[in-house]
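See the structures that follow.
Shared chain: subunit A. Partners: subunit B in the first complex, subunit C in the second.
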Partner chain A sequence: MTTATATTMSPAQTQTPMLPRGPMLKRSPFHERLAALNLANAWEAWQGYTTASLFYDAEDEYFAIRTGASLYDVSPMLKYRIAGPEAEAVVDRLVSKRIDKLKPGRVTYAPWCDARGRVIEEGTIFRLSPTEFRINCAEHQLAWFSETAHGFDAQVEEVTEEIAGLALQGPTSKQVLADIGLAEAAALPFFGIGTFKGAGGYPVTVSRTGFTGDLGYELWVAPEHALPLWDALMARSDLHYLRPIGSRALDVARIEAGHILINVEFVGARHAIRPSQTRTPSGLGLDWAVDLAKPHFNGRRALIAEREAGGPKRRLVGLDVTGRKPATGAYLYHRGREVGQVTSATWSPITKRNIALATVEARYATEGTVLDAEIYYMKEVTQGKVDAAATIVPPRFYQPGHRRG
Partner chain B sequence: MKRYDAIVIGAGHNGLAAAAYLARGGLEVLVLERRDAIGGAAISEERHPGFTYSSCSYVCSLLRAEIMRDLDLPKHGLKIIPYGTTACLMRGGDRFAMYPDADQTRREIARHSARDADAFDEFMRDLYRQCRAIRPLLLKTPPDPTSFKPRDIKGLLEIGRAFGQLDEDALYQAMQFWTMSCGDFLDRYFESDVVKGALAGGSIIGTALGPYSPGSAYVLLHHVMGDLDGHVGAWGFAVGGMGAISKALAGAAREHGAEIRTGAEVSEILMQGDRAAGVVLADGEEVRARTVVSNLDVKRTFLKLAPRKHLPGAFVDQVERFKIRGSSGKLNIALDALPDVPALRHDPKLMRGGLNVGDSLEYLERAYDDWKNGTWSKKPYLDIFIPSTLDSSMAPPGKHYMSVFVQYAPPTLADGPWTAESRQAFGDTVLDTIESYMPGFRKLVLDAWVRTPADIEAEVGLTEGNIFQGELTLDQLLFNRPVPGYAQYRSPIRGFYMCGSSTHPGGGAMGAPGANAAREMLHDLKRRAA
Partner chain C sequence: MTTGNAKHYDAIVIGGGHNGLVAAALMGQIGKRTLLIEASAELGGMAVHAPAIGRLSETVVRALALDRHGLRFRTRSLATEILREGTSPLPLQPDDPAATRQAIHALSPADAEAWPHFQQRMARLAAGLAPFLERTPPRLRLDDWGERWELARLGFAVRRMGRADMRDLLRILPLNVADLAEEVFESDVLRGLLSFDAVLGNRMGARSPNTVFPLLMRHAGGAGCRPGTQAVAEGGTAALIDALRKAAASHGVEIRTDAPVARILVEDGRATGVELTDGGTIRAGTILSSAHAGTTLIDLVGPRHLDTDFTRAVRHARGAGVTAHLILNLSAPPAGGDPDTLATTRRVHAPSIQAVERAFDRAKYGELPEDPPFEVTVVNEGEGHARAHALIQYVPGDLKDGDWKTERDAFTKRLVARIEDLCPDLAGRVEGAHLATPADIAARHRAPGGHWHHLETGLDQAFMLRPVPGWAQYRTPIEGLFLCGASTHPGGWISGQPGLNGARAALAAEKASGKVKGEAA
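Entry: the complex of A and B
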């Protein structure tokens, strides 16, 4: 039918400027399978790719993450390879953690800053070999990584399109992996990484990482092996309660895990029009990922100066909010004075709590402080408002023991 | 004999905006226009049956939303449709397109340079940071830095505060933006020739500067600081052509009681002692008024209209040296059908947006060399639009109106003034250039109305055909525009004001000079009454 239409179209019709021609968004190597399963026909754009918002029911998908296993297509995530004799020195210069201590076959998570100590982004760093690293992130970093690598004997390359990725997350994910001939991968330690050959015979790089805070893995293959991998996994879906999930379910899980998101919790220092929107690692609660004792890395001096000046003016905190209404975008007050704002909020089905991530003035960022949250919500067609008590808590709302088990 | 509160000389968009604000302020206002139609350079004309031409000015972004709202221009028929894309057509058949969607633009830049795709984000961020500082100044009278009047000091503090909100990097950059060449500025971010060439177009339009002339970076900013429906940097077509803006402004002026007379050329300013007291028309008729404001450019106003003996010599000197250099021409073309652009066949929607010719800084600089040598660019920069792809009122169904802005063309040629033959040759250069990107184009041409800078001066009255009524370089901006000490819309003659694009914040169908001048006049009249 498509062919018939195309052949009957006159040249004038095909040249009309009234009808834009696509495709506007790229498709991931898994798209064919995802499209067949997306009964809700709910899609969104992610870094220029078509990605699923949900497949059938976001709540069902969420519980796949927490009680079964879930598959989320992470192919659109940006991936950079940094390789060469001085690759270690480049990455060490780039991020705030010690990279000389990161052994091949291990993963770490770290932010990278500009010279003023403002976070450009954060992401996972794979050490694939002594001389090869891969950094995964959400925003384009080629210019910054290349700038950092300048003068070093190392190459920086974007490899997003060369690698298809699937996040396999949830308590039963270990059995799923074992079932498709990747038992060795399933036994990886937390933040371990390796390349394995499963039942399909093609190489699958597996990292024990994820964005859900649950037990889970990320699987990386060449695009031509994407569909075979998908089919092998989904063939086990009934045995292990495995379902594909969209971004909505994932977002609830990532808030529960306390994972920050760029352009939600903060704006990257290289993109901010208003400098006041940028944050230091400390302001984002990432002190644990900063090693100021390290001899040098981008932004170190500024971060030392910040620490000496008493720390950041604002801090990211977790909130435990009373009531049932998610505190999305809520202003936070202390005795009537505005002292912060919520950046992410959700009802947490697994902890049965109303949780949020927020940025507040540093002096109110201590655990146990109670702020007043002004929550707006849709009351059928009018906007309703409730005032709720918001208690500052550590932002890791859900950290099941089996995550590292 | 009737005495008006204010006479506005010239019914360009700024004259009409001033008239509307003055009338809205309760004054009795008369607008006098030399030509038979209002609009000045913001005018729509049917020069070929069934086709509406935006004869001069052709796209809109800078018209301030505050003015549209104050004067309720949509009620008077103004509709502006945004167009989203710009495509730079390349020699060799490729293209570089920019889209409203960031991912699409990124992918397109990455085809030319992966590194530039990242640099583009930073470039736009820096541009927007500067816009944030400058935009609040547009609808304000520039403060005089030598004055100790409270309002000047307050104005200077406001400028200081606007720039104080920038962080260190942006503050350093502010200085560079106002002084550097566009080419040097773009070289810092980008490596791809076509990306730089495409972005530099905005820095040379209407300006007798090349992309490597110091000061040209600001012109780039001038073209990005507008907005449409809240989207900074967005441009659009006025439905019915740019004349629709003038028509709506005239409608607003009339609604508030202003009179508009066309075919009424002002030949001199009537003086009473040291005050302007009205005007004398070409046919000898005298019209009296308490104040007079000129929409004409500063040279035409003070070197041709105002009585020389009432002007200080130093002022006249400065006006004579004010740079209003003609650098651009215009073709309005009626087309039998939409031309085929091989480079855009993959995405014909790009035909709805801007199409540029000029694919590198080198190309643009060479085009400028021709201007310096007193001839039109043999390979010109072209800013092409086909408004009939979005607005059905511009051409009969299936046919199209194409507006072609041509940079560079000198006001006079090295071997003498423009002639019918040289105009023809200029037109052929442009049509042949288009043909090389759109094969078969010339066969579709039903009418091509070629306008040299000299034609624009003769018809519209803009000195040298300069579209901005004076170049947009730092020495001619803010409190230096048009003449230091006279940047607050007042002239050396009491009761005589200026409201054209020669005044702050400059050209580009913004309406801000008109609105600002009206505010100053109302302020003075109120004080005189008290």
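Entry: the complex of A and C
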């Protein structure tokens, strides 16, 4: 509507502050190709970038992730380089996992906390060399990372715009990579990373990581190599059922994989208005990513105190819900008392289960506990309500063996 | 790890300033084998820059029986002379209200009437604040009965002031001193004096917010002092340091000077000792640091042992000093005056609010003021020798143009000339001058910023917020490491209170952990 009006206006009038002078959202290095394929013309904003919600059919895109291969543009993801002689010490101070044990060419996943042990964010950490790391995340962290690096011989810089990223995920992804001359990258171990030269002759950094819980890789190139990489991959699309996917399909896959999402499962400690909305790693089911035995890291004292006090008051759990109505935003009751709420829910096509991630009072977080879910859904123009039984289960709903194969 | 003489100590106190000495003496008194280590060759720390004792805690004097260790007061009510251009100084004598009134009357009858009332008002309000200044700030944890009791006690202390005073306190506490001075007095010199007293030591102008609070702190009084005045020890501040040293020694405290600490040893979040710059390590279960909070935590402990939010708060605590110390060696005590009264009077040059504010403006931008306000005290050192100590307000540590290497001599000369100009009795007697800028003070006392209270003493860095919010109980995130210097509540002013409270906090923590261990056994 705005554009239609703008075309009839004189240049002077278009200068009014009410009318934007250019696109509000930046375009990713892959945008040209994505736009041509986005038959649904469905877009959304992600960290200042235009990003596809879906291309033609979210369900078909989902099945590409689970049965073929998928391409998801992860360029808008924020990327930080931490480099220098003491970069390792900085990252070790920052996150809850032992970074001195992380070898170059390896990736780890870890949360980072504030002094109260509240999760600021979590993300993957690439160790590119003994003295260079890259952290990928969803929210701006430059101030926090820089402050954490203060007093250390290390530099922190944001490199989001210097690197274009594509997530190549799905059972046939290994074959796709091999086809474009990256067979060596395809052979990377789970959570391995390396830089390779494919058929195109330009360097492609490949990490064996992803957000789908499936076999998959993330490919990182300089922006000028984005389109050649895309074209090389898509030239194989019909051979391996390789499809571009949008965020809707990805969200189903990530819930099946049990991956938490910031601003959905929790609010970052530095952004939360209400402290009650923040979580400790334990509360998010990330105990496995916290090494309290390692020397000091941000939040360690608070996390030890939490453990000594008997753990968090609320915990993140997986739910197996009866029926087929996704329990989106459902309240959870135990004998009529509200004890938690669903944060993410979906029908899981691959497991054929109605699944959800929820936060519940710690004493109900034990596996096998059955809670009552009050599910609201739209029944044309009125709201319908069903009661369903929700059984606490581990949140990793779908973990195919081939993802590590 | 331990080298050669592996002597074991219960406690190590870092820093041999007055607070470090107080903490060490108290630890020794309770029977702890205590070692005090001082980086420089001399004890006394920043106290050497202050001729008067601001707010020496009566509790410290009593607990350590400082009189038995030789502390004598020359006066407990330091008088003030307001220096005036081309005319005689205006004397304000706390011990002689009639004379003071008469002196001010010549200037302004209204101010002569207002002066004693204002002194009483400040004294009453300061008395209401006194419990806040002496006690360890609470942690605002209402689930703890001790904390509730403490809050109730503080609330009661304020309530006891009465409705009118409480209202008055709440109104003026966050105010700027210029507004208050203009409200109460009409003469420029009294307004200027008030402004000077409120800002001295801090990087604040007369019109900076919350400058009334530091003024009230001045009025809270010290050991036996008349409210609003300060004490001077017989023999100067050096004599206080000497008495503290003797008190510490009498309790078995071992003192080592010329022993700079390279780092505080931390193992699994617990302080276990110190490593000296010569490589030697000394172990102890309790470490008390009277050094600057930033020096202690960022330089000696190191960020890798601390949370980012904490180190950020410590790094950003305001503490850029703007007060320089000028020492003038005099060929002879000034003529005309009774030599005994010399050290019992300070002379203040702060002719008006505008003069104070104008000088502040220059310093704010890293420039040297044309005519900085100052305070001079002359000390007769006997045998015909005398010294003048001048505290020069609004001397920036970092200069915008040039540096101290090139500016020092000219600025020092300018200051000496101005002092001679305003104090004719000193003219021609100055044999030598030594200027310690905030940059010099920073380097000499390892206090980044060179602020003589370590950190500014505004309301936002006082009480529960000092040195940083959440850590006002002399504890640190490192178990067994305590702060006991001017960076902690209630700040500088040679009160000894941080040393006292810090030592008490260390002992309380030890007792609490002993109890836990005892229960577990």
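Brief remarks on what is shown
Throughout what follows, the second predicted complex is superposed on the first by the 386 of 405 C-alpha atoms of A that agree within 3 Å, B and C clash if a C-alpha of one lies under 4 Å from a C-alpha of the other, contacts with A are read in each partner's own complex, and residues count from 1 in each chain.
Rule of thumb we're sticking to: a contact is a pair of C-beta atoms (placed from the backbone, for glycine too) under 8 Å apart; a residue touches a chain by one contact, two chains touch by 3 or more.
All of these numbers come straight from a predicted model, not from anything done at the bench.
Which of subunit B and subunit C touches more residues of subunit A is settled by the count: it is B. Of the two partner chains, neither subunit B nor subunit C is touched by A:362. By the touch criterion stated above, A:183 is placed in contact with neither subunit B nor subunit C.
Look at A:144: by the touch rule set out above, it reaches both subunit B and subunit C.
In the superposition on chain A, A:42 makes contact with neither subunit B nor subunit C.
After overlaying the two complexes on the shared chain, residue contacts for A:222 are found with neither subunit B nor subunit C.
Of the two partner chains, neither subunit B nor subunit C is touched by A:234.
In the overlay built on the shared chain, the residue A:298 is in contact with subunit C alone; subunit B does not reach it. Residues common to the contacts of subunit A with subunit B and with subunit C across the two structures: 144.
Across the interface of their complex, subunit B is touched by residues 14-21, 24-26, 45, 47-48, 140-144, 146, 158, 270-273, 275 of subunit A.
Across the complex, subunit A is touched by residues 268-269, 298, 302-312, 315, 477 of subunit C.
Listed in rising order, the residues of subunit A touching subunit C in the complex are 89, 92-94, 114-115, 144, 147-148, 150-152, 295-296, 298-301.
Contact residues of subunit B toward subunit A in the complex are 101, 103-104, 106-107, 114-115, 117-119, 121-122, 125, 128-129, 132, 167, 170, 338, 340, 345-352, 389.
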